[in-house]
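One chain, chain A, appears in both complexes that follow, with chain B as partner in the first and chain C in the second.
After this line comes the complex of A and B, so read on.
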């Protein structure tokens, strides 16, 4: 008798939908049906049924081929390689649970590595702007229940976050927004006519790369000053009208994406957006939120900021303190400047997402991938270690794009013998401690996780 | 005055963090003691002597110590960072953080510099004969109190983020700059003798900017208020005077709102 599991979290985009229903086979090894999820989420669950999923680590042989090796050998290789490297780089973590992120921090600290996550090529600039200017944000629930003006600036949720508009931003009927879409005015600022722009009431098609000027124009108008006739390709009248809409909102919600964080100016674009939000709050209620990409990409920011004080680009090579300065300690810059000599890619695909030059630089040194599936990074790696899929056959805590933690559950049994990220990293840490003849230090937030066996190390 | 000469002997595989290369660290030390000073390459602590041949002893104090590096330091970071007095001369390129957090003394880089030179600088003089990359005289991430004093002169071009959150001091770029000049600044002077792509003085509260070339994209928050003659770096020009950033908060002094000033050289 197949079992229907309700209230399942979806391990795809930053919306982290937690209303998915999954029908699993009697023996809990096959996913039969997925309800409520978008097409990408549905496929992600079904992907776990793939009989060709890797079950053993694979090590590159001298002739270039990949050969399956036992887990112990892979763990030993990873521990030794990272300890021998002058400065290993550990990157990824868009698609794994917080338990894995916490565990990897131990091995990064032990091996003096740089710890970085997908934010470095995604919403990292948002962090920098938040450092500089604060983050007047809210939860998605507030956006759903209150926002009557929604601005999508440089983001396209219709493609990147398929259920975002229906669950949180445009269509849902909330407490103060009972008429749903009828009650909401949607503005879209994007140089292209995306599907989100088509859905919007007003589309401001600005010149690519001039977001900062447009934000400044919005702020100048908001303070009652004149602006030039055309700013960033948008006529003055359109800007004034848009500011009027935002000013007269009961609750104005600004969502921003890669269009702001990865065009010229990067953090300054977000900085200006945050300033605009602050200015709007003198007239009405306004809030701003980053459209985080992966379902748990807010997780490493939370976990590592708690552990090390920084959310990404954390250089732990000094051993005494963490150092963070994107531009120097960010993955792509480190790779381009040949500043790392070992690369560990976890739950992300650096092979597909990095520009080709940094990948070429990284390939000069040992290249390790920890990922449940075959991907471009795993195929160019010296070692590929498969793990369980967080949110499908491994439970865990994830942080949604509004930094709300959600407990994801496992819907099927994991592949026999395949560890979770956390188990794998704990074993690597144990092996590193054996190799360096030191006592492992286990401090964990959860009671059922490992604690130090000898009191002397606490 | 005592001169310590460092001759590069080996190019580091990764970057060498030469935070010990300051007159403050060299003062009162003999050549072998200087060669024994630490520096990181990745997680390993090495010595200056592993990458440089040291000759000459340090002076009694930092002010009496001159450091001359007779070669290329493209892969050496933190040269002259946090120095308070004395001089450092590099006959070649230097990597990141040249003169970062420096409080006094003089640095002369005869080649190019990488990013983050003079960040959080409080005093002294930083001179570069070549180009600098990004974040010249900028604030450290998240700090709203950037460069407080001193002079940075780049004879070539610079990249983006010049004088972010600057509170005082002077930055002179003799050629072109890319984007973001004096963003968030609340004081200080930036002089750019060439052209700028745009975003000059965005979110700027107070301070002065002089541009002798052209600005391709003007910030919409700036308004022209007149034409003035001013002396800049020893020469007098006629400037169009703009105030701004009108989109940003501004304080008052003697009942008058204080804006940031942008002086753009008037078309002849």
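After this line comes the complex of A and C, so read on.
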């Protein structure tokens, strides 16, 4: 009899939906049906059934082809390569659990690496603005239960977070928002008329790249001063009307995304957005939230901030203390200046999602990919180590976009012999300690994490 | 044939077609279909002599890529073009970061010209080709 597993977390976008139902085969090896998820989540779960999923590490041969090798050999190669490098770069972690992120920190510290995550090409500028200006945020539950004005600025949840609007921001009926969508006024600020903009009551189609001016104009109007007739392509009257709507809200929620962080201004756009939220709080209640891209991309920010004091771009190569300076210690900049001599790509695809020049620079040195599937990074790697898929055949803690931790479960049994990220990194750490003739230090929050019970790696 | 070029402001962002196809695998044909399109306003197509659903060459300060010009699935005003995030978009995304670590994924100048006889390369061909590993084969 197939089993229906309820309350499953979806390991795709930052909404981290935890109401998915998955029908699995009798022997818990196949996913048969996925209920409640969006198309992306459904495809993700079904992709785990792919019979061609790699089961053994693959090492590139001198003729350019890939050859399967045992896990022990791959672990040995990874440990030796990282130790031999003067400054390895460990990047990724968009799609893995917090246990894996914690374990990788040990090998990063041991090898004097730079530890970076996908935020570096995503919400990194938001972090910079948050350091400078604070983060007057809330949880998605508060947005659902209280927000009667919702602003989507430079984000398109209908495409990037498909269930965000139905679970948290536009449609759901909450404690103080019992009429759901009828009670909410939705503003969208975007240079295109996106599918989110079509849902909105008011769409401000600004000139692309002029977010800072528009945020500033909003603040100026809010503080009672005059603005020019047109700012960033938006007429004065529209800006004034929008500010009135936000000011008269019971609870105004601002969501912002890549439209602000990927374009000119970067962190300064977010800086202005946070200041606008603060200004709004002199009139009503207002809150702001970054639309984080992946289901656990808030995780490395949390885990590494406990471990090293910084969320991303962490340079551990000094050996005495962690140092963070985006622009200097960020993946793309390090690659462009040829400052790293080994690249480890974990649970992300730098091959597809970095601009191509940094990929070319990184490929000059040993290139290792740790990922459950074939992707662009794995296909140019010197070594590809497959692992279990967090949230599908490996459980773990993930942090949703509002920094709420959720325990995700495994719905099927992992492929025999394939380790989790955590198990793999622990083995690499042990090998590094053997090679350097040092004692491993297993400081872990949970005692049972010391030696994972699973015997997947033999 | 009109060989006019047009200068546009390029943005590369997510789309659900790209996300759904990516989760089927980046070598899946659906990923190719989803990501090899450049959305641009019909007015701009007209100015550059580009027929909709034909291939175009997109050139930025740091590279070129062949993709298919289509009418926007989500309205793009004249002057703005959109290639969905992914392998093809990243052939032209400038790696400059304004000292924040984040490349210029949105808001960079490009030149777009008609290239109906050019072939769109596969993801593997582009990425492996860029690092000298492409050996032909799977097209």
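The rule is short, and it goes like this: the second predicted complex is superposed on the first by the 450 of 458 C-alpha atoms of A that agree within 3 Å, B and C clash if a C-alpha of one lies under 4 Å from a C-alpha of the other, contacts with A are read in each partner's own complex, and residues count from 1 in each chain.
Quick note on the criterion: a residue touches a chain if its C-beta (ideal position, glycine included) is under 8 Å from a C-beta of that chain, and two chains touch if they have at least 3 such contacts.
As the structure is a computational prediction, the values presented were derived from the model and not from experiment.
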Combined model on chain A: chain C and chain B, fit or clash: fit
Partner chain in contact with A:128 - chain B first, chain C second, else both or neither: both
Chain B versus chain C as contact partner of A:437, first or second or both or neither: neither
Which of chain B and chain C A:321 touches, first, second, both or neither: neither
Chain C, chain A and chain B - angle at the middle CA centre, rounded to the nearest 10 degrees: 80
Touching partner for A:272 - first (chain B), second (chain C), both, neither: first
Greater chain A contact set [chain C / chain B]: C
Touched partner set for A:86, first chain B, second chain C, both or neither: first
First, second, both or neither for A:338, with chain B first and chain C second: first
First, second, both or neither for A:228, with chain B first and chain C second: first
Closest Cα approach, chain C to chain B, once both complexes are overlaid on chain A (Å): 7
Where chain A meets both chain C and chain B, residue numbers: 128, 264, 326-327
Complex contact set, residues of chain C against chain A: 9, 11, 13-16, 19-21, 23-27, 62-63, 72, 74-77, 80, 82, 85-87, 90-91, 93-95, 97-107, 123-124, 126-128, 130-131, 133, 135
Chain A residues within the chain C interface of the complex: 12-13, 38-40, 43-44, 47, 50, 64, 116, 120-122, 124-125, 128, 156, 158-160, 162, 191-195, 197, 205, 208-209, 258-259, 261-264, 266-267, 312-313, 326-327, 330-333, 336, 349, 351-360, 363, 373-376, 379-380
Of all residues in chain B, those that touch chain A in their complex: 13-15, 40-44, 96, 115-116, 134-135, 140-142, 144, 160, 165, 179-180, 183-184, 198-199, 202-203, 217-221, 223, 245-248
Of chain A, residues touching chain B in the complex: 85-87, 111-112, 128, 131-132, 210, 212-213, 216-220, 222-223, 225-228, 231, 264-265, 268, 271-272, 275, 279, 317-319, 324-328, 337-341
